[in-house]
């Protein structure tokens, strides 16, 4: 299986990067990893890259600019990478159209929601009461998540799991066509999916940091590259 | 044309990375960029990646461990990434066997030389007299290089050019089968090539930083993706 | 055209400075740039410098001391440079008297408003809801601005534009004789002008960072040096 | 009198700058200061700026690239700003042709020497024995300088003076047409001048830091703006 | 007497550590110090270590994960070390079962309370009004504590004492079987004990920093190693 | 006149220190400066030092511990130096008893108030609305102060003056026997004095930073050393 | 088996510490780890701690003070901890007398040599030519070591192995009664042992960093806890 | 006894300072400490301060400017404080004339030697072989010193002692009238004295850091304040 990975860009060092834990879980599953060359010059090549992969992985990263869901940026919003927003939103839609298997992690779930018309809360510090940014080893679960969707129930076979947490934004209104798959105890939406596709899932936590200790999270990646 | 790129790994941040200037010059030439997922787990996949690309780009980076040319590490040597050494040396040999078009930059020329039996001087500060690490904008040429090889003469059509300079090691004995293409005024070997292949060239400078200002350096990349 | 530029002063390094983007847009328009030598010793020379330039550019910088609009400094106010305040307020008034073409950017619009009797809100973090300090590449627009003034409508020919945003203070009451030219969605005044002069405009955003990507912002500078 | 000042450029902050002590001594002498807008875009305007000033001041700064005196950069050379080199060398020659009164300080004396065919020692740490970079308050003299030229003898009326010292390069061979005006005890050339012009002087020390404590150094600036 | 010490772990440096003031007070009392080797691999050895010591000291450190008292982590919680939580909670229970003499300091009192079913306030900054983190020499008392428990009254023989203060969490509901021994003026619980054991005491302050200046605090350690 | 100065202690560097501006204003007035050697070992020598000086200067510094006015430390309080508190409170009382001429600056006015039974607000950020910590050159006045006491009116001969501001605590209830001499527009007490002594004055601002630009503040020091 | 570990002391943080890799290898071998409480107050307890352990591990750390081998400290020597020197030298001798199984790593081998009358080269940068401080992942071998002693040959069953390298001092003359077990290619002594004891071995490299990748180094620890 | 102390000046923080260990040893001896207010404005008051003290202490600090012994500053010299040089050299001579008891420590011994015509080696790193700047707790002796002078023999009653070491310059030729009292094993002069005065001694080490552990060094201070 070929997996197209959308990673990050470090403007200070002028470097494309992919955090290695994403690569390692895919490589352990014998996937062939293709990294999208995030660049203004590659905007016209998104479809070409998607065409030759069966699976797509969207990784964590910056906040999404609210213009993509028709809002102004509000106080409390953080770092934004407009180019990455544009490329990933287009890639998300193309992945859907071509029925690719998609896993969208952290920023990924936010891009997924925005790409199909959902909105985000711009600053989680003004919402809920649970801490969503742990100062604790990311390999271990931090807060509880209730599994309330069909797709994740089939994968995790649990009512509740513990997940890690490192995010700043969160879904406000779920995009039409998506179902909530998991929620935190303070109501924060932790996972969504689209049931009209084979595997089109977004999660707010970071399974790529947990899979070595927590076999449930490894199952998520197995689902991604299945078929 | 598909170009396989061997980039770096940032151990402090646990990130695979590629400096964006390498990507930009390739994308401007409409090349399709494939980034090798540098990882212990990808050691068995080198050939698979090489097979599906016509061109290979080796980028700058750490010093090469002297064990690969049968020497002990000497005082003055700097940072080493053993995994990257092993992967790139194997990739270099496979690229040769399969007659890929190869451009090897900075650390790349050192890997090229070592992969075929050449040796390196472990610390350039003990050699020559010219400054080989500029504290000057890398887009501009810093020291002179005499073009004395057939391949670069055909590309540059000059006897001498100005090149930038950011390196710590340098070729000592040229690997058998390679010819010197360029030298600095203090005798440092600045480029080599292999004439029994279509395009198998290493340069000690960084053309990917200069190509926007200096059309000669752009020619080098055009040659890489020609065909 | 000669443009007099009022730049900043770095007390830590004891240096007069001008951010280069201001210079570059003016030089691309073939303006002759004259930089005012901000210094206690140059207070008596303001008129002499203004006399020999047709256009005046006021740049971004520190907060304005509220004494200049008869208020005490309130909690939340930031860095202040009294000398720069005094010099620029005098220069603003002289520029008006001599009907110079004036563009006042960010801190500049605040100085413009204060110089003619307007007041400022001392800490924007206590006002509105939009984020007015972006953690995003300044070359790109960040939030929306409604163009509601005659002067900017003539230049931009739009109802709304996107502008970047890097400021800490904002106009409270507009100085008599000035008209609001643009406002953000949260009511923050983003541009003012004086219609009894040929070109006397202040904007709260930074067009000097945007002009290469956004032709509208380049128009603003064209207006400044027109004639 | 109008004095054109060639200052520095801070690449990290993208700012043109002039250290304030240069401005203050000129402003105390009632000179009108014009700062050259160092920028690629201003290369064609050098003559225009020189034309309208009677005096020219070249300030301290980076090392000069040895290409301007036909050498390769040697180990030990430091930061270089090629654009500033090009602009100041042209400005130096134009100032000479138009018989402007010129004072060239620290980097300035090096540019002066190179502009007329002289050469530099690239790294003073390999020369002489005196410390030429003081860790001491720059307002005070640090090492002795013998005044052996006609111009400086007329100004200083001394055989020896104490000067401060903050430099990394130094004159090797004096450009034709120039005379040595002062030397340190280790033979380092500390001042040169050209006798076929009214006032065309370079000094290796920083009189702009000393003039308030040391009336001799103030005389130097008085000479610059005399006439 | 043998005292088993549960110290900390510095993840940045990958080091087990014990702050020396804990060791020094024990060594001055001629106790034999045994330091528990905090490690995943030592989880099975807790009982073995406890078995051969008469006294147990729990030291200061990170926040306790709320999962151990059936809560989700709330905004305001800080650094957590899950492994240390697990090991110390088990060690606390075993110490109780075996009737060891126990002193639990700062984080120690929190672990003590949680191990037996009590709960914590996750962020003291949202509670009370007294400053519980002093920017003052830790050897000296900072705020007042009322001694209202039998055990501490017997040791201190005072109604009120001054204690230092460096903590971020605090007891909410006291675990069943424990009695409050001391409280701050804002109601924060500063000490608890269990009367069905010989010496089973937790204190929220740091007596190990004060004992050289304050003989009362030395008494606390004397009690620990008595017998 | 001999002036005893109570300076600060830098615990990080283990150094007694006195900020030089305090010394310079006194030395310009030809006072003989005696610096109290702040140390545990000098607690018994306070009277001896006071005895041989006619004037006493208390300088700025840390917050005062609220135990000296019978309060607990509250959230928002900052750095405290207990030894300095004890020494200066005793010195303040002795200075009063011996009718020394006393000027108490910033922390000094707080010590003065506490030494005679007054209280402080522990964190000014919770009080008033004016900014009492300027990010502006301390040589210049920042906010307005109304002069409403007899002593300062006699010295300043003004109804209002501008003062600088760098403090974190402020007087709550004025100690018996003291009169308010000045207040800020938000009601913060800015100066007090005791009329039963020749000169016993505390000010909340820093006249030692302003005296070179502002002759009024120099008058304050003249008063201190008068006689 | 009980293993007594002599770790380090961090003076900046006032903490006893043991690098966790030492603990982990011992715990994997089911050893019971006892950490010596390095402190002035524990000097009299060394024998007591040694008595109850069968094995002793000396860890890496600072340079040894040359007074212990009757030399003055020479230029190039680095950080020294006199207390640790005294305690470990005494512990080394006691361990020998009581025929404990001893492994001494890096600083440990230096302490071992000095404790029995050997001497050290104070600054390895003045000796040999090989780099003995790698800027490379410590889990992997860096330079070659020839195994020339009976003890290590029995363990490693190799003529040469690759070892990591992080040291600053090195053995000069081997203490009487010790035999060289391994040497680097530049003659640096890399291991010694004492054949009149069951297991009394010092190595200059860090096997505790390598044992997970390199089974040979794990053998060394197995030997330590054998019996 | 009154002891006048010449301390340092921190230009970065604009603070006069005295390291507290100097004060503590004097205060333990019941000396009354008078600190000289190092300032340009106090240059005329040196004699007045000396007049009223029986003993004078010169503390450690910066290098001495070589102009005071008729040399140019050489490469390798470090930080210089000209004002402190001038004041202390004058104070040293006055102390001699008035037969004060004088102890001069580290920089103090250098000032002592220079004040009477001796010279210094400007950079000890070019001299001897012993390390004269310890990276070791300053309370403990570091290298050996041979006591070869009458004065120190009478105080220490030893042939050799261990001293700490933190200096950068060292005596070259001893000033006329002075005798060498101690030398390091590499010939560095470690103490001098003048026998025509009651107590006029300079030492290159720092007895003020050692006196609590080393009674010999306490004797030195007892001698200073004797009488």
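We call the chains A, B, C, D, E, F, G and H, going by the order they appear; numbering starts again at 1 in every chain.
The working rule: contacts are C-beta pairs under 8 Å (C-beta built on N, C-alpha and C of every residue); 3 or more make two chains touch, one makes a residue touch a chain.
Just so we're clear, the structure is a prediction, and the values are computed from it rather than from any experiment.
Q: Please identify each chain that touches chain B as well as chain H.
A: D, G
Q: Taking each chain's centre as the mean of its C-alpha atoms, which one ends up farthest from the centre of chain B?
A: Farthest chain from chain B, going by C-alpha centroids: F.
Q: Half is the threshold here, strictly exceeded: which of C-F, E-G or A-B has more than half of its contact pairs identical to B-D by residue number?
A: C-F
Q: If you average the CA atoms of chain C and of chain G, how far apart do the two points sit, in angstrom?
A: Here chain C and chain G have centroids separated by 67 Å.
Q: Measure off the straight-line distance from the CA centroid of chain A to the CA centroid of chain G, and report it in whole Å.
A: That pair's centroid distance is 48 Å.
Q: Averaged over CA atoms, how far is the centre of chain A from the centre of chain C? Could you give it in whole Å?
A: Computed from C-alpha means, the inter-chain centre distance equals 41 Å.
Q: Please set out, as single numbers or ranges, the residues of chain A touching at least two other chains.
A: Answer for chain A, listing residues that touch two or more other chains: there are none.
Q: Output every touching chain pair, sorted by label.
A: Touching chain pairs, listed by label, are A-B, A-C, A-E, B-D, B-G, C-D, C-F, D-H, E-F, E-G, F-H, G-H.
Q: With touch defined as at the start, can you tell me which chain D residues reach chain B in the complex?
A: 11, 65, 67, 72-82
Q: Which residues of chain H touch chain G once you look at their complex with the stated criterion?
A: 125, 129-131, 134-137, 140, 142-144, 162, 184-186
Q: For the complex, which residues does chain C have touching chain D?
A: 7, 9-10, 13-21, 23-24, 27-28, 32-35, 37, 39, 41-42, 45, 48
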